[in-house]
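Notes follow once the structure below has been shown.
By written order: A, B, C, D, E and F. Residues from 1 in each chain.
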Amino acid sequence: MQILVVNPNTTASMTDTIAAAARGVAGALTEVIAVTSSMGPASIEGYYDEALAVPGLLMEIAAGERAGAQAAIIACFDDTGLDAARAMASIPVIGICEAALSVASYIAQRFTVVTTTERSRVPVEGLVQRYGMAGRARVRAADIAVLALEDPASGAVEKLRGEIARAIEEDRAEAIVLGCAGMADLAHQLQEEFDLPVIDGVGAAVKQAEALIALGLSTSKRGAYASPLAKSYRGVLKSFSPGTIAAE
Amino acid sequence: MQILVVNPNTTASMTDTIAAAARGVAGALTEVIAVTSSMGPASIEGYYDEALAVPGLLMEIAAGERAGAQAAIIACFDDTGLDAARAMASIPVIGICEAALSVASYIAQRFTVVTTTERSRVPVEGLVQRYGMAGRARVRAADIAVLALEDPASGAVEKLRGEIARAIEEDRAEAIVLGCAGMADLAHQLQEEFDLPVIDGVGAAVKQAEALIALGLSTSKRGAYASPLAKSYRGVLKSFSPGTIAAE
Amino acid sequence: MQILVVNPNTTASMTDTIAAAARGVAGALTEVIAVTSSMGPASIEGYYDEALAVPGLLMEIAAGERAGAQAAIIACFDDTGLDAARAMASIPVIGICEAALSVASYIAQRFTVVTTTERSRVPVEGLVQRYGMAGRARVRAADIAVLALEDPASGAVEKLRGEIARAIEEDRAEAIVLGCAGMADLAHQLQEEFDLPVIDGVGAAVKQAEALIALGLSTSKRGAYASPLAKSYRGVLKSFSPGTIAAE
Amino acid sequence: MQILVVNPNTTASMTDTIAAAARGVAGALTEVIAVTSSMGPASIEGYYDEALAVPGLLMEIAAGERAGAQAAIIACFDDTGLDAARAMASIPVIGICEAALSVASYIAQRFTVVTTTERSRVPVEGLVQRYGMAGRARVRAADIAVLALEDPASGAVEKLRGEIARAIEEDRAEAIVLGCAGMADLAHQLQEEFDLPVIDGVGAAVKQAEALIALGLSTSKRGAYASPLAKSYRGVLKSFSPGTIAAE
Amino acid sequence: MQILVVNPNTTASMTDTIAAAARGVAGALTEVIAVTSSMGPASIEGYYDEALAVPGLLMEIAAGERAGAQAAIIACFDDTGLDAARAMASIPVIGICEAALSVASYIAQRFTVVTTTERSRVPVEGLVQRYGMAGRARVRAADIAVLALEDPASGAVEKLRGEIARAIEEDRAEAIVLGCAGMADLAHQLQEEFDLPVIDGVGAAVKQAEALIALGLSTSKRGAYASPLAKSYRGVLKSFSPGTIAAE
Amino acid sequence: MQILVVNPNTTASMTDTIAAAARGVAGALTEVIAVTSSMGPASIEGYYDEALAVPGLLMEIAAGERAGAQAAIIACFDDTGLDAARAMASIPVIGICEAALSVASYIAQRFTVVTTTERSRVPVEGLVQRYGMAGRARVRAADIAVLALEDPASGAVEKLRGEIARAIEEDRAEAIVLGCAGMADLAHQLQEEFDLPVIDGVGAAVKQAEALIALGLSTSKRGAYASPLAKSYRGVLKSFSPGTIAAE
């Protein structure tokens, strides 16, 4: 079972964190292929970065599918490009936000997502709404730059701890969802410290991808995710045949 | 990895169907323990049957947890007794409706649940609402008695086919969710026939249970699912210590 | 006019409080029959207790209907077993939460329910959502054990007063709903003290039951509340004919 | 117990229908005072008529309160002027739409309101939304002029029957709410004919008014329904002291 | 292009403030006709005042349309009488609340309305809900009497400043909507002071009215806003032909 | 007043249609600058095309702002890239879907969007939900390829007519919104034919852009639309300073 995990930002060290988290929970028969996008922003903080990460992300998913991956994971908590990827690919595609929220919903009635920057907060709130969790989930920002998560001296983890404590106190959070792929290595430690479930979206998505493969399910090609029609694409993305994306 | 699957109705032949579906998708290291409730209705059709199935269901989950199960599945599409079981147990508990809807949401924007009787339709619509899918999922009843699914001569499968066809035509369904544990053996065949994803909740729940175990997550004991307080229980359910349910 | 009021927990002293509140507002021609369930938990605090209270509750309602009651009230603020009872009975069945919320909605745009324990809070929030009041009602827990309401020395009423004060200040509450049948005797006193409407669900439900009887209305037997089908029920609840529930 | 029922249109024959329905369900100790507004449209069909009916309606409620009424009912299904009346009066005020929907919610999970003209349909849908019933209630218009209900030869009742039949078939209606005060005399007959609960808002409101009086509850004067501030009112409504409305 | 702006309260000095704001943003070819209602309350604070302002408002709009206005604006933030005016008039009618919220939605994801008195807060929250902004807009009251806005010595503007500061801090407001026509002159100054967009509904509505005229659009006469039917209106509003309202 | 209108697909003839519609409603002092994206798909049909259109769109908006445009319009009914553009630009940015829905809401209670292909329908339904119109707007697809709108022989306009007729009949549509920029030239003709308001999003957006400029309002830079942080962007989009986007 081969699962592609795409880090849609271009920072390879974050891919390492993501890959380790993915492999830590993957089944014995699962091979995790972790790749870094080669086009786009160094980190994804807000709507603009999200949009510019999408073409590079789509290329990696298209390449991964051609290379034999049976499912793909978008390892950014904004679920950047998820709908476009589902329309393009034949294999199932999972976002780490949707996977984390869904897993949280099995173990808690109310929970809080702790994300990084304030400019990511509203986009994540939009996802919480989209995924039908608005009545039970709140979103907080810990005021952490995404790449600061890579730097132990940044104080990022302390800020995260403070926000988790406030979520428990003020939001009646029964569980915590870590709202950034770069936090994937912290889930177990924080779960022990705070004595409540702490969910990492990367791990959650790996298990959902394995589930879809085992269940023989992939994205429906009726309706919203029908394969793109053959047409000309100008500029960096000049040619297209369904299922393939290529820069000329 | 040991997963308990409880059929909360008292019809053992349906448990066989459920067990086969569960084992068909379970991982190589997963042992599926399928049990039939010994107390309650022969089939669950509507609110009254749901309520009377719960004590027997809770006993099986309590017994299963004592015997070493690491997760439990309630194999009735009404997710009967789910909240009570989560409060009682230390291990995670998954309902097949919630698992099926969540899996459907990864592969389709719009989908239709086809359940059995009209009296089950409103309860399932209530679950669709609760799980945040009201904007994207519809519920239909195929006018099938639950136990008719056990009888090839009943015409039940033909009625199910007719309702799936209407869902595709009238609901713009991109995927179908089978709305009864007794349909678990039909998913693959119907998926091929109708050429769109068909999701069985039993299989979906097995993969979600495996996911929670692998992720080291269980029901939060803060808030809604805090363990029951020690107190006296009269009648059939006379004594209680947290985590245990016993008939005297 | 005979109205059955079932206390679904097994504590008879609480039934006395409930009966007094019911009789205090009942019409001159109304006979209130108050009964204590003989099976289930001593108090209902959370989902687990709710579920275990249902069989005993259904037996009392079935018995009451056979004995001539024209309407039944479930005197627990979680509206435990309400849907099952409606499907089973021919007479109308009213929950005290739904009655209280409905009465509150006639006299206030915004109001707050003050319930007992934190583990009851999310279930009551679920009811607020179900009854369409999520935009205007908030739920608070006063951190009171249900049976402490029976004990003047417990400080329970003081905690309740504190929470009402906070609801007025922080929630912009225009009225207060008492979120436990065991608080039924406190409504008038608190209404005077805080100079805003305070609603007790038991009294509210009595008037709704009288209303349905006077209007010649009972539960619809089309759709969700259709009478249970004849089928075998194993264990404590072995036989069933529609409208009857019997332990063998 | 004195209950004021105001017909906010100026057609006295409709007041007779309303008064009969009100008295038919009122308690033995209840005196129903039915009045016809002396200012405004002959029937209320749409937003414009609603608005012009309000001053006359408010005058009747103010006069009724001064004369000793303990509760007031607005006998138009659009709940015309309800919020203004609640702010003005000290006694509780009930709308027949809100009362009917609330009563329907006790006996059916899904129900359909059948109102008169298409131009009343959207306003009633707005009320269904406001009262939190949008997920369970539909609204239909039978294409009947309000005053045609007074005329046996108009065919109005036949149209109503047709729409009820369609509601049962197409909406899965478990109960019917009659969406016009002028239909108040038809509820019992239609209930028998169609063998499902049929709810008249006038009767429902009388029982709700009796309930509020018996429970010692009136409109909260905190927040939205605080009494109007003393200020000058020009034109037809020149002077005002809280609780009083007077034409000069 | 002639746009009628009706101040539905009877205080002419407030009309001056409104007219100045309207003219300050109107296009070069737009003539703003600002009128004060001659019937109704001196200021609109809560539901009762709203209702009593409507007949006078409708008369001004009817007169304005007869005099050649191509669009009408209701310059009260409660959008008093908006639906009735739309049904009555042939020209488009805009409320300043709906215009302000719509303009805010183009420039901010989250925003806060700051209105005057607590008794106006719930009505404005109702409008926020109606206009589909409940997920992104909050409403605050600055505890200002409407007419105090006319008096520089009243401290009203200081209270408004305090509430804006709290909205930014506590609501994560990205923009502020001024929730009273009497604040129309303050938008620019507050926008500079607080360095975030501050929206005045009067100006917003003028631009929406110009837009509808330029686009050749007016209120649909199908469905909810169909012209009133010819019928008799008693009392102050005795005769009516569609499009005309006349006091006898 | 200079307004940039970007056609985010790469088909110049569609830009001509859009430009004509924009200029047809623009004010006398407004200069409309219409540009065609030089990078991306020939037409936007579904999520994949949407995503690939965004980089080219952002470049045009960045270039337009540098060249002096005071507002920008994204002339694709999917409001492709709207959030990213708002975060990037200092000038306000308007989507034609949001503008059309907002204009429709001023003149109709219920309306229907008629878009092109089935694969665009769910994305547009998502926008209807996002903009708070889910309770009043429906979306239909006329089964038209976007570029067929350029070809009089394609039968596209006939299909559109058929769908409008069905919307009036089946949806109770009081107004129609044309759900594709390529339909901009058809609004007036269809409005006459069907005798109800027909709204073109391009025209609607031009008036909204003029409104924001006249009101002195632009996108808030607090919260969700804060300017992108300085960071490295690899590949086609290599360098970035806030407010600027450049291909290297």
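Assume a contact is a pair of C-beta atoms (placed from the backbone, for glycine too) under 8 Å apart; a residue touches a chain by one contact, two chains touch by 3 or more.
Nothing here was measured: the structure is a model prediction, and the numbers come from that model.
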(message) Spelling it out: a chain qualifies if it touches chain A and also touches chain E; which chains qualify?
(response) C, F
(message) Going by the touch criterion stated earlier, list every chain that contacts chain B and also contacts chain E.
(response) A, C, D, F
(request) Determine, using the mean of C-alpha atoms as each chain's centre, which chain is farthest from chain E. (result) B
(request) Same or different, please, for the chain D to chain E contact, judged on whether over half of the interface numbers appear on both copies. (result) same
(request) Could you please state the distance in Å, as a whole number, between where the Cα atoms of chain A are centred and where those of chain B are centred? (result) 28
(request) Could you give the separation in Å between the centres of chain B and chain D, each centre being the mean of its C-alpha atoms? (result) 44
(request) Indicate the residues of chain D shared as contacts by at least two other chains. (result) 86, 109-110, 118, 121-122, 134-135, 172, 223-225
(message) Which pairs of chains touch each other in this structure?
(response) A-B, A-C, A-E, A-F, B-C, B-D, B-F, C-D, C-E, D-E, D-F, E-F
(message) Per the contact definition, I'd like the list of chain F residues that touch chain E in the complex.
(response) 25, 27-29, 86, 92, 94, 98, 102-103, 105-111, 131-135, 168, 172-175, 188, 191, 196-197, 199, 203-204, 207-208, 210-212, 214-220, 222-225
(message) With touch defined as at the start, can you tell me which chain F residues reach chain A in the complex?
(response) 10, 38-43, 45-52, 54-56, 58, 81, 83-84, 86-88, 118-119, 121-123, 126, 130, 145, 223-226, 228-229, 231-237, 240, 247
(message) Residue numbers of chain E touching chain A in their complex, please.
(response) 109-110, 135, 172
(request) Write out the stretch or stretches of chain A touching chain E in their complex. (result) 118, 121-122, 129, 134
